[in-house]
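The structures come next, written out as structure tokens.
Look at the two complexes coming up: chain A is in both, with chain B in one and chain C in the other.
And then the complex of A and B:
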């Protein structure tokens, strides 16, 4: 291209002005002034753009901080995370048996009372968060990973691949989650790892559906076509082009699944397919103590409330995230 | 001119349809005050049509929303009054407001599909208006709905009453929306981009309807559009908005033929005149961009982009001065006399001065006709671009059919064409005619069912995934939608780097240099390379998309409506960029657009598609002059131009486009053709006729007869021949043809 540009830089405005400057000396002064004005304006705009970017990010954070649903949910969740990590140092030992003090009502010594073996219900309730907070997130992450891959492949390739995968997904979705997991757990035996894998696998179909829907709307976008015209491999297009643009629905789906995973893990423990005594797991505790419901309701009530509070907290977080993202 | 009598609303006569004084609208966004409109004073007389033009973001729609009292929750009217038919809009209660909207004032929006409820039959939607506003009984309401459909000339009103919106074409939907807006005889009808997104022929149809209705209704019209041709055709007066200020106002004809504000002049020069070609004149652009909302402005709002700006312009904001007059000069002298105190830079409150019919907010209005031309002619002749070297691309009998349930839709039917090196082939036709499908067959995004595509002598594989690296590099595409053409998660530099590495085959060290060169070639400043597409303007995004296509020094670039989503000023700079790249790189283009003036400007040869067939091909000038296919003739007659003496007879296309699944027998165009011969057209496929060497069209009428018929029509229309219309028109044309200095 021409010399004028190389001397005045790539800016079309400056270049055009270069033409003007050499053309009309009378305008020179005015142009110089206008260029100066514009340069300052450009700098201002630039600074404004950078500030805007920072502000957008801060805005998102602040919108979450201002959302009461999100904050309440987050507070409860963080409370349980804290208890899961540090309750042993704070409370009495959750497995200390004291047959002399069994089934005592809540008191100063035992805030939530004691259970049939005289264990402190408060300590057990606080410690009970530990198992569920390992199983539920791990299972959710597995489900997101598998469901993400399946959804990406099905949504991106469409056609026969999609058809086969989605019919399989339909079949899996038709299976009742609890019954299937009971079957699997009775075959493979109990254990935290097996529970995680089972719940993760059973949640995979739902996640894959969400991801597939997001991929389908994204793959028709022109930047994906541009990638195909560059000869990019499908794996690259899926992972690098499409995936970063569908993180929001995946995050929301993840939090929804997390709530269900808490629920499912507790249900399995309750049915005796989860952890074994003396674990303070909530589901398990509710199951073993429910025979005393009439005479010592606190043994069941507190773990049940704890469980409910965790599920509600996760749902509140989901709700808050969804609303802020939708804005 | 109804406005010329200077009558104000308080004179006891009937009040004006719209009377806005000193209007100031501010948006509040996350704690910041962003002034959108400032000191707007304008009015529309009863029955008058007023056009509001300006780039997107100037505040046009905000003004309309303020008149409807439809401002978003974060928008407030800080000062001023809006009177509609003498009624202060802000004094209405919520209940009265509901009755008043759709009663006294109604609005037609850009997208008819969103204005109609998809779940209600047309008849019920229309009847609801009467039932709500006038308490009409059910049967009578339906009767009146039928009547209102008749008024907007819907082909079969009875059947339409029972249809759902999705069963109607875009043009018919817009007719229904207009029928609905007119149902209660409003005093003011606001049309917000009523034809944007519609095909040229449908647009012409809607314009005819509006023009025709104007004789029968007493509503005043506020037309908001970026299409200056529309305003020229429909409006008596026009207001030009820039950054929330009215910068020029007056009779449409005067403003458009003798603009006195540099912005108006700039806008007019951006639009390709019909018949202009890249080898005759460069499109003028408006440098820079609209100031962002809330950006501090010194003095004249336009000074930062104005090629005529002088120091005095940033000292103090000019008033709206009466034109002709010396108000501007006096204002400049006054501003000069101000002490050089920074505080004096703050814009003072501006009001129209005097009751004249024309106002301009500029100190230097007398100099505007001599506004300097900035862009040189860029294009060289075809020969200089190496276009004699033989074909780069030759497509033979390409066919592509899609399945829609059990129906088969043939989107591209037996198309053959050739393209030379350095040549631009323009592809025009209504939406759904198969232009994009054909383009995607060439790029390999869609595989053709049959036919061959040869590129530089070798046959191309059907899909991009199977093509060689070199074929991918050589054939690239620029897409239509600037908002989805770039991956929003990637930085601009990452996007270009990836393209260079995949297509340019360069090693790591040279990639950086190549990316910098590409961005310099498309005039994107390096600082924008760090940003993500979200932070770029539409024009910048499209520039990056062009740079991406040029990453591997392509031989052929398919441009699918690359500028149609952009403002005219930006469109001009994108077109200039494409022309310049072609001149330097000798690349060939297939250029798809529905804007005939743009296609005429940028193309060397043009192909016209109708219902999946290529019905006419030839050199650009020949295709757009008689003898040409009757469909091309109709298309051309439908473009609104800025020519006020335009006496071309508009040829309305009958009916709607037939379905691709059941194309008409014989000549595909016979169902809508105004030159129908008779059964021969219905039964026999027309032969390919040659008008001149290289210009062929598919029709039963031989060229000599067609020439006579088509020149007769033009002559009968009262003035000259169609060839006249193809000449550049007076305004700014002298500036444009003058060779500019570089």
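And then the complex of A and C:
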């Protein structure tokens, strides 16, 4: 990597040259003309690029529709999204207690049986997707946002900033994520927002590493050079020039993180950090109903299978996307 | 080679110091008032102050960090707030139990998943390959407490083949422990299976396309010699790297599995310490896990270097 080029912004020599050019009135006129033609050319190029982009997007959509892995995953995911949104109107109330009917086996009245407090396991299983489907995507978006900014800055500026950021990332990754989150959550207390921020923050280092690598492979390209020569500010080059060109790796990273976020959120609520009863969350339910495994296995097995299906679905989507993008 | 190990060991020191600062900061600075965070909102201010004096939490931060870190190096890890016992022996006992469980799981899963991966790679794109790839991948992504609970139901509750608990009754011979560890070890194996098998498969596929394999085949070498003498050694490099990088997931898995099976390992210790705000115990357990994590990553790097002559013999 050429370190002298890594200084920020446009080359100071070129900027001086530009100032000289604009000082001469005739030159200035010629320059205005040039700018005008450049603008029309740019508009044409933009239109062509937009058409090309649309074509590519249509192609990607068609490839995804034809990928069985992606479609199966999407179908299961949409099922759980639907249940998270509308199950309240369809099933019984997931928090309605009926002590007279506790730990009943599955029957016509209670399809999945009842738990120790007589709550309907079917209703709780269907509603259990809600917490995970809020926490995991929100945490992933936070991680992509923070990791994206950090990765862009570190990869674009390089030098000392990059060195310091990457050292910090190494330290944060020196601890397994589940351990750090236990440490943080035990001190910050319970609540959906706290879990989202914790998981988002702990996924940030990994995301920033991916984004940084993508930025480094882009920053020496001609279009970045051109933007710098035009005298654009670093923030503009990062956000409007480089970012649109690294969306694919970011999307793939996002879906991979989403899978891990579901995994981590479920694990944390199973361990007793983050969510409190009577939330029908699957991880929490498995941990509280586990003691009844020998006498009423349905209270545990249905949420377990539901959680497994969601995790597998997200990973099928990731796999399908990765395959289509790789082509 | 020695220089490589030496350099890596030296690099570990600043990371370790930073990690210890991080753990200390999270445990003692984040909650603001240490005494308050231990005793909870209903304790009186006098009780909180008394506990803070007892813990030395009223001293300046750098002094507290220094006392904690220097005590840690000399084996004085403080006293558990919950058990009122020195932390060191409790953590070491938990660590021993965890290493037994993790070692047992790894000893079975590493050879097994390499075998599956190489098998799949040799019969690339066959039905067997697709089957191994998809099933190992799904097993890996499902949280370990989910597979653990299902396995517990099938093998301990329904079939009654294996015990429900993870520890044999007191006074049983040592070998009995492995019988009780079979069920907790399987979800841990699932966790690793997909990654190791996938890497072994990818390594095999890549090496099978190399000219030296074609030469060996055309030379008329028996298949067994091609696989063991030429293929495995080259296909193993990415696999070993991935085993090293999976140690973090294995530790996370241990935390969950020990909680599910109520097994007295370091993961259960950590969760209990975190839930009861036993901060000396929590700090000690997390730091020792961080050290083990770093050391095992170092080991993985050394093994990779041993397998690859370019790194072994290079500068």
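Criterion: the second predicted complex is superposed on the first by the 270 of 327 C-alpha atoms of A that agree within 3 Å, B and C clash if a C-alpha of one lies under 4 Å from a C-alpha of the other, contacts with A are read in each partner's own complex, and residues count from 1 in each chain.
Assume a residue touches a chain if its C-beta (ideal position, glycine included) is under 8 Å from a C-beta of that chain, and two chains touch if they have at least 3 such contacts.
The shown structure was predicted, so the numbers you read here are calculated from the model rather than taken from an experiment.
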Partner chain(s) touched by A:259 [first = chain B, second = chain C, both, neither]: second
First, second, both or neither for A:294, with chain B first and chain C second: second
Partner chain in contact with A:221 - chain B first, chain C second, else both or neither: first
Contacts of A:51 with chain B and chain C, given as first, second, both or neither: neither
Which superposed partner A:59 touches (first chain B, second chain C, both, neither): first
Contacts of A:176 with chain B and chain C, given as first, second, both or neither: second
Chain B versus chain C as contact partner of A:184, first or second or both or neither: second
Chain A residues within the chain C interface of the complex: 170-172, 174-180, 182-188, 259, 263, 266-267, 270-273, 283, 286-287, 290, 293-294, 297, 300-301, 304-305, 307-308, 311-312, 315, 319
Residue ranges of chain A touching chain B (in the complex, touch as defined): 1-2, 4, 9-13, 16-17, 19-20, 22-24, 27, 29-30, 33-34, 37-38, 41, 44-46, 48-49, 52-53, 55, 59, 221-223, 225-232, 241, 244-245
Interfacial residue positions of chain B with respect to chain A in the complex: 30, 285, 287-288, 291-292, 295-296, 298, 303-304, 306-311, 314, 372, 374-376, 443-445, 464-465, 467, 469, 472, 475-477, 479-481, 484-490, 498-499, 502-503, 519-521, 523-525, 527, 531, 535, 545, 548, 573, 580, 584, 740-742
Residues on chain C engaged by chain A in the complex (per definition of touch): 15-16, 18-19, 22-23, 26-27, 30-31, 37, 137-138, 141-147, 149-150, 152-153, 157, 164, 248-249, 251-252, 255-256, 259-260, 270-271, 274-275, 277, 282, 286, 289-290, 293-294
